[in-house]
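Chain lettering (A, B, C and D) follows the sequence in which the chains are written, and residue indices restart at 1 in each chain.
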Amino acid sequence: MSNFTRRRLLKTSAVAGGALALPTIFTSRAHAFTNEPTGDTVMLGFNVPQSGAYADEGADQLRAYELAVEHLNGTGADNGMLETFRYADGSRTVLTGNGILGKRVEYVTGDTQTNTDASRASARSMIEKDGAVMITGGSSSGVAVAVQALCQEAGVMFMAGLTHANDTTGKDRRANGFRHFFNSYMSGAALAPVLANAYGADRKAYYLTADYNWGYTTEQAISEATEGVGWETVNKVLTPLGQGDFSSYLTPVLGSGADTLVLVHYGGDMVNSLTNAVQFGLREAQANGKDFQIVVPLFSRLMARGAGENIKGIFGSTNWHWSLPDEASQVFTRSFGTKYGFPPSQAAHTVYCQTLLYADAVERAGSFNPCAVVEALEGDDSLPGIDSASNRGFVFDGLGNGPTLYRAADHQCFKDVLVVRGKEEPESEFDLLEVVEVTPVAQVWYEPDHPQFAGGQLGECNPGA
Amino acid sequence: MGILEVKDVNKRFGGLQALGNVNLSIAENSVHAIIGPNGAGKSTLLNCLVGKLIPDTGSVLFDGQSVLGRKAHEINQMGISRVFQTPEIFGDLTVFENVMIPCLAKRDGPFRMHAYEHMMDEADIVAQAAAMLDEVNMTDKRDMHAASLSRGDKRRLEMAMCLVQQPRLLLLDEPTAGMARADTNNTIELLRQIKQSRPITMVIIEHDMHVVFSLAERITVLAQGSPLVEDVPENIKGHPKVQEAYLGHAA
Amino acid sequence: MLGLNRKDLTLFLVVLGLVVFAPFLLNPFPDASGLARFNAGYPDLMQRFVIFGIFAIGFNILFGLTGYLSFGHAAFLGIGSYAGVWMMKLLTVNIVPAIIASTVIAGLASLVIGFICLRRSGIYFSILTLAFAQMSFALAYSVLTPITAGESGLQLSLSDPRILDGAAGNSIPAVNFFGITMRDGFDWAMGGWVFTFNFGYYFCATLMLVAFYLSIRIFRSPFGMMLRAVKSNQQRMNYTGLNPKPYTLAAFVISGMYAGLAGGLMVAVDPLAGADRMFWTASGEVVLMTILGGAGTLIGPVLGAGMIKYFENIFSRLNERDLNAMFDFLPDGLQGAAVAVAQMFVGDGWLLTLGLMFMLVVIFLPGGLVEGGQRIARLFRRKRPARRGPDSDRRSPQPSPHPGE
Amino acid sequence: MDAIILQVLNGLDKGSAYALIALGLTLIFGTLGVVNFAHGVLFALGAFCAVTLQAFFSASFSTVDESRTDFLGNPLKVEVPYVEAWFGETVGGVLIDWSVPLAILLAIPVMAVVGIVMERGLIKHFYKRPHADQILVTFGLAIVLQQIIKYFFGANPIPVPAPDAFRGSFDFGVMLGFDPFTIIYPYWRLVYFGFAAVIIGGIFAFLRFTTFGMVVRAGMADRETVGLLGINIDRRFTIMFGLAAVVAGLAGVMYAPIVAPNYDMGMNFLVLSFVVVVVGGMGSLPGAVLAGFLLGIIESFASMGAVIALIPGINQVIIYLVAIIVLLVRPRGLMGRKGVMED
């Protein structure tokens, strides 16, 4: 009996045998893996939030996907980061703008609604109906974890989009899934020294944390990292998702003896809590003889726009920013900006990279078989300057962020992490963040069995057949 | 000892004495009317009999058992049925279903699941309901939506729903209110037939003297929450106290 | 036959036919044609049709019969799902214990919640159920994360005990029914069409048929009649010697168990239980399904569930390219305009379509799709004498569809 | 002590928003007998009036600044708002700055029209339909309106700052003799509270002291009788619907600087405001206001760190818990009348 059905092959066979009009029963026994592309095209599934709180991220991701598909198929105005993508030995990517393994790239889109059920329904339809061989996208960790597990069961690849919680490559890691985005631990490790440098090492921090998985892991990561540089944690308060008005959580902050507020919020919650915090005068306040400070661990330009003026001068971390000076980032920004008229967001960047990385891995493996792709993405290189047994994986450069490792042990990506700050004098409506420091990858390195990531097993790759 | 004994019932609403020392004894198988001017406490008394209101003091005994503090459905299960001023029927159900429900209630008590049996398999219940519909001459309307019946038919249906339970006591709350004369006469006729065909006690609360004097065997006149007179109809007609209560002192 | 009268038997056989031949009926367009985007005959969506059909059938037993509008039934769906996944984690990935546990535990939860909520009626009842469901959602999403895995959803993992299954090796075993995995199935290519037959779908479909059959029996039983009596006139019910409370509670628990079964099946075909399925909009969705199809009718909720799931899964996935392909026959300028207009209603605009459609149904077809079907049927039957029993006349402003159309 | 004062302040503020929305809902329900699930979206529409006006004032033409470059290295296009070009930078700047208060002037006619069109076009036909149908059709309408907002404004929240003059906060604690920085409260929130108080007072005065209001109150008590008196109650009800929409809209306009408007903010408020209305008692205006403030304050207290530490998750469920308890103990809410909405 078969597993996921294989539409594309059947279509061609059916057309060929159609004249006989005799029913032919297929099972996918004959195929090595789920949705093996047999025609002249290959189907990818772009599963992004099109409704709900992260719809704007989703829309930006879709733009990047379209751009990536153009570049892969060689139909774009330029070749984007195909020009800059390099392997560890400095050689250029094997991608040539001739599709993937000579097959033209086609795609379907779906709406995750930032909802585990809807995202899985959408992904299943891509796999079962459209014959997608790889699913990518998402703008929240809950969705990433849920869809990653689904892809593992179904035997297709999952290239995670924007997902920052440790769990995605921690306790919920799966063999068929890879993450290009950085994570909570890295945010903490990158931010802590910068914060200590800017605000001193004897700060007392108060945490307002979104009451769900990402909030928990990020709060833990930031508090452990800042405690490592001498900060003290005064209080941690969980806030409901979609709270809107955070006043009742913010007002006790000043009376608590804290002098720093860490807002572990993302999306609309972050916009609202930060706006509220500024309204309540926290940025003008004094505590313990110091200026009161606010920190937002995970920044995104789209959210910075929502927070408007309030973002100015506030530290946070981000995966990538369009103003990075390296060649690859500039190429991508130009390519995206020329097509759409504004610079890409980090969400757009990460999914563009994921698409290219997948295509490259298939090309190197010479097969769409997920197990072969996983092997190609697990590579056998190591990053320079890190002395660790787990420093093995696929190393590449030229996709922004400098030399990058896809670690074989947990399928997490290791690269430099950006610490940013809300820009005081923005020159345009996109120019909201400035990169304060590029934290080298060695500083955000951790072992796969780090307590914040413990409890997960990749398991075996699943080709589905 | 009557089938329904009301003893020293008092009920106050705030400062208003709605019922004051009501004593009433209703003989089994009689037709007893309670009349009185507006605000005399007729409805309050009726509500006390069916458990909707609980008197402040006093007792209400049905066949020797107190009805006070019991829920409406428990009182019905004791053998008391009630006809409302505006017919209360199951408008969304068919006429036949309307009659089946009280049959089932009579047989099975306040709750039984029957979640899987087919309604039409209940042969004895179906026969009972059909016979009842026949008695009130509504067989031809058995599959109609009850809500689409005429006012008179609704009244007959409600009556049928009460009677099919073979109640020992039937309470009628202004059964002809808002009816045209012809309908009123039909209703009187129907009640007469009912009375003749089975042993049943009826308590009628009524404005319309025509109805009262056509049916009642005994009449209680209520005024300002207390029984004024209780007697056979012939004696009530010219009773000076009754005239005073209805017409005021001017009479 | 089966204790059904002829009309009900016909209805049941029609539904049986629809369900058995769904893989054909839902794939009317050849695979290669542009309209293939509108095909719905793939396992996930077919499973959703029948699972949400069960959910809506159960909801209809409460709302359609008693008129009690619960705005919190998704809580039982969620509770069923969590119970199911825990069974798979603790005992075995065979779905039988999971489904039994889902139904039973959701039944217990609905007994408790129903007992409290049914102390009130009308909108007060609705708000009480809503409050309970929102509490369940909030707790499942955050505080109960150790039990529910919160935001990312409870799923199977390699380290689960699975007492009855024994060691599993290095990959999570597939969810199965005595060895047949839910994903099993085969494709049948014929002409330009490819029809997908999936075991998970037929398993859920069988249970939906059972659920549907039970619902017919309940509708036609004295119990069903009592429930309609509750909706019609509680006062008369009381004065007829019946206690409405146990009846409504029984209906509440039955519908809660249907919801639990649906929740169990959801994790049986896709082993992840997320808190999102308990959110109040999910409760609202089943209300929409029931009303859209026709509350109080037997087939309505199934139709409504199919309709909404179709929109949610097919319309939301149409994008600009699909529209361009669809309107290809128009001249260029018109094509652009048509695509621009249509884009408002598909893709991320599918909710707009749903909202509009829903308003139109409530305004013009208060009896739902079933009433629409009846009106069309009447148009064709006009010549014949129309009056046959109570359900021929249903144009009153407050329709109360007779069960069974 | 200071913590308690703070939470009372927060509660009053939250309560103002709840009370305003619940008041509008109750006006509609009490007079028209309609359960309006689209009311939350009316609130959102109000907030987007502020967004629109701000966007309108900021509508710009671009001039090219050769001396600077944009992210692609092309000459930077500088956006100059028309109002600044026409009225000079000062006046134009003030206009943009004050767009939220000015949006009140925009919101009143817009919301009145929206409300009246809604009533005449849709709600009117649902007076005699069951409550379930009313809930459903307005729910459908809410989805449609929300999607339309999203179509024009996107999904991310749009910041709408309060005028500079109200942007800061002041130290309330010092006035009461506490240490500095213990009780800090933003000006705008006080403005909001005052605004809500004025509106609530205005509505009550309107209903109490005008003939129109008297008729409406009579209609709330007994619609049929008032109709029998030959008063055209329908037209008055249309106006009431418009009024309720304006109240919801104004609540939204003024709320925009507190929480950046987002297309689904209406739905978020809807469930809550229904809880508020039901707790207050369907159809009772004072009940709605009382319950609004009460739930606002209770919610604020439940979100104090100490309370959460004691009962984890209490902040998530407190509103619903209170609603359940109130409904079980007082079957018709705090101030509800008998027999309303129990069928």
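The working rule: a contact is a pair of C-beta atoms (placed from the backbone, for glycine too) under 8 Å apart; a residue touches a chain by one contact, two chains touch by 3 or more.
What you are looking at is a predicted structure, and each value in this text was computed from that prediction instead of being measured.
Closest to the protein's overall CA centre, chain by chain, comes C. Of the two chain pairs considered here, A-C and A-D, the higher C-beta contact count falls to A-C. Rounded to whole angstrom, the centroid-to-centroid distance between chain C and chain D, based on C-alpha atoms, equals 34 Å. The mean-CA centres of chain A and chain B are about 75 angstrom from one another, to the nearest whole unit. Those residues of chain A in touch with two or more other chains are numbered 51, 55, 211, 238, 240. For chain B, residues touching at least two other chains: there are none.
Among all residues of chain C, those that touch two or more other chains are 138, 141-143, 348, 351. Every pair of chains meeting the contact definition is listed here: A-C, A-D, B-C, C-D.
Put simply, chain A touches chain D in their complex at residues 51-56, 211, 235, 237-240, 242, 244-245, 247-249, 251-252, 254-256, 268, 271-272, 275-276, 279-282, 284-287, 302-303, 305-310, 322-323, 333-334, 337-338, 343, 427-428, 430-431. For chain C in complex with chain D, the residues that touch the partner chain are 67, 69, 116, 119-124, 127-128, 130-132, 134-135, 138-139, 141-144, 280-281, 284, 287-288, 291, 295, 344, 348-349, 351-352, 354-356, 358-359, 362-363, 366, 397-398. Against chain C, the residues of chain D that register as touching in their complex are 35, 122, 125, 128-133, 135-137, 139-144, 146-148, 150-151, 267, 271, 274-275, 278, 282, 312-313, 316-317, 320-321, 323-324, 327-328, 331-333, 341-343. Per the touch definition, chain D reaches chain A in the complex via residues 2-3, 6-7, 9-11, 13-14, 17, 68, 70-73, 76, 150, 154-159, 161, 167-170, 180-186, 188-189, 257-260, 262, 264-265, 268, 299-300, 303-305, 308, 312-313, 315-316. Interface residues of chain C, counted against chain B in their complex, comprise 3, 5, 214, 217-218, 220-226, 228-229, 231-233, 235-243, 246-247, 250, 254, 389-390, 393, 400.
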